[in-house]
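Take this structure first; my questions come after.
Chain nomenclature is as follows: A, B and C, assigned in order of appearance, with residue numbering initiated at 1 for each chain independently.
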Amino acid sequence: MEQPNLLYIFVSALLINNFTLYYFLGLCPFFGVSGRIATAFRLGLATIFVMVITAIAAWALDRWVLVHAPYLQLISFIVVIASTVQFVEMVIKKASPVLFKALGIFLPLITTNCAILYLALTASKKGYDLVTGLVFAVGAGAGFTLALVLMAGLREEAELSDIPSIVKGTAMNLIIAGLLSLAFMGFAGLFSSSA
Amino acid sequence: MAAEQATAKAEPSSIKLAFTLGFAGLLSGLALVAVYEATLPTIEANKAEALRVAVFKVVKNSSAMQKLVVSGGKLAIAAEGDKQPGIFAAYGKDGRFVGYAIPGKGNGFQDTISLLYGFDPAKKKVVGMEILESRETPGLGDKIFKDKAFVGNFSALDVDPQIVVVKSGRKKPNEVDAITGATISSKAVVKIINEANKSWRQKLAAPGSEPALKAQPKKGAAAQGKGH
Amino acid sequence: MSAEQDPSQAYAEFVKGIWKENPVFVQVLGMCPMLAVTNTAMNAVAMGGATFFVLVGSSFLVSLLRRYIPAQVRISTYIIIIASFVTIADYVLQAALPAIHKELGAFISLIVVNCLILGRQEAFASKNTVKVAVADAVGMAIGFLFAMLCLGSLREILGNGSLFGFDLFGPRFEPWVVMILPPGGFIMLGVLLLFFNYVKVRRQKRAAEIARVAALEQEAA
């Protein structure tokens, strides 16, 4: 099947159709972890890693297993994601206990990050081959990380400002996210030709 | 109560754990197979019907169609269930060839636009256009399917040398009037059709010698019965 | 647990999900689908309906089988159960309402990672009788549906001038398009939460006032 332009896929997932700010994916960690820039960035990297592995596994499953049983797609993808996250958890725990402690509960929660599942389902639906799927995964993960880090920066600033108590909390975070999403809308049309 | 609970909660063996998961998986698998098999005919019928509606919309006065794929450098009737990319040939009530319905995809303003356009090879004109999928800006870009005037551009459009987008009224038969405020979406639609045309044009059969409609007894009767 | 207790407890569990412990406005769970599919009221209702089916079905099964699921594999089992219900809902919707299925797209499949559903199984269904678990699930699902309907209706009315596809204001109305776009989703939900916060704070203030006045009166007496 003809594969779409790789650069377009990457930039589209990163900026134009950002997974978090356009598709509303990965919101639990987005609102949960974005308190500190450093933590946000590291969670983003872990998520990118899980996305890449999931993309590969999803491609393999699609190619060899799901051809015979398409109705098992959802269950098998979820199992792959859960296993990958478990594996990443073990690796981080051994390699950097400090990071493991900093991420806390948000590491296992990567499993319920809808962004990863959506990535696998979309790459499957659009018939991406292995390379395209990988580019898509890296772009999407980077987009999620970008949104997360930007949000963390804004929230760190907001902590220093005088905000009425009614707004504080999730309501304020949502409005900040809305403004961020509005800003990202400016990226639309990045790839259209003016010819 | 607490003591009973303590003894009852002794570690279950790995076999029991594996068995529970395996059993759950098995039940789930069975349920899913059943639902899948039960809904498959309806889902396939819905998809086929949606495609037929789109084809008959872009090639007017047609009531039957079949899929064509490229085989050995020439257009041939697609075998049942052939998933290769192909185009569609539409036929009138008398079984005579009326036109092609050619699918196309490309970058729009926000995301990929997918469309189907009707093509009359004898007149070398586009005779209709239907947007299948798009995520253009509501109120602006989505006029590519909501604005009847824009869609009307495509009901008798010359393709030679190629379709051109203009901003203030059509003067030549190969021009399309862009939507005000949605120039990029309009240009995207035209670009998709131009490119699809380029890639399929040489493969089309010489006018007059298109593949004839293969006899489809069950489907033919159903098509005529479905209120035309 | 006596028979008299059961009906009223079940009812209490049912009611709490609708307002007091509303999954979206209070617990702030299940936000992903919330914002993505509430661009029209119809989509919101369809998603709420699918979530209802999955939540009630899963809670029913999990509660029914709670004694047979070993604790070590409980999350995996819950996920298998939930994913099965979601897949069933996906196929049935695709067959029965293909247009809506196309609008909702992959978000139906994403119900499986809706923290609300897994959360209910872990926190409630696995520890309660079937009747009570189902009552809780139904209440939560209705609360979720209510929240979706609120958000979807507001966004559609402001952003498209229509409700469930019916044009409300006629052709002269200039729709506030951003409301049906992603930023509008974020901002609208933020504003709604702000409104609920405001109501809650006012109630608390009033209750504190009343208590203070009562205490003063007691002192004076």
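Note that in this section a contact is a pair of C-beta atoms (placed from the backbone, for glycine too) under 8 Å apart; a residue touches a chain by one contact, two chains touch by 3 or more.
Everything numeric here is computed off the predicted structure, so don't read it as measured data.
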item	value
Closest chain to global C-alpha mean, per-chain Cα centroids	A
Pair joined by the larger number of C-beta contacts - B-C, A-C	A-C
Chain centre separation in whole Å, for subunit B relative to subunit A (CA means)	30
Interchain centroid distance [CA atoms averaged], subunit B/subunit C, Å	35
Between subunit A and subunit C, centroid-to-centroid distance (C-alpha), Å	23
Residues of subunit C whose C-beta touches two or more other chains	76, 80, 83-84, 87, 91, 181
Residues of subunit A engaged with two or more neighbouring chains	71, 75
Set of subunit B residues in contact with two or more other chains	25, 28, 32, 35-36, 137
Residue numbers on subunit C that touch subunit B, as the complex places them	68-73, 76-77, 80-81, 83-84, 87-88, 91-92, 94-96, 98, 159-160, 175, 177, 180-181
Subunit A residues within the subunit B interface of the complex	1-2, 4, 8, 12, 16-17, 69-72, 75, 188-189, 191-195
For the subunit A and subunit C complex, residues of the former touching the latter	21-28, 31, 71, 74-75, 78-79, 82, 111-114, 117-118, 121-122, 125, 165-167, 169-175, 177-179, 181-182, 185
Of all residues in subunit B, those that touch subunit A in their complex	25, 28-29, 32-33, 35-36, 85, 107-112, 137, 184, 187-188, 191
Contact set on subunit C toward subunit A in their complex	28, 31-36, 76, 79-80, 83-84, 86-87, 90-91, 106, 109-110, 112-113, 115, 118, 178, 181-187, 189-191, 193-194, 197-198, 201
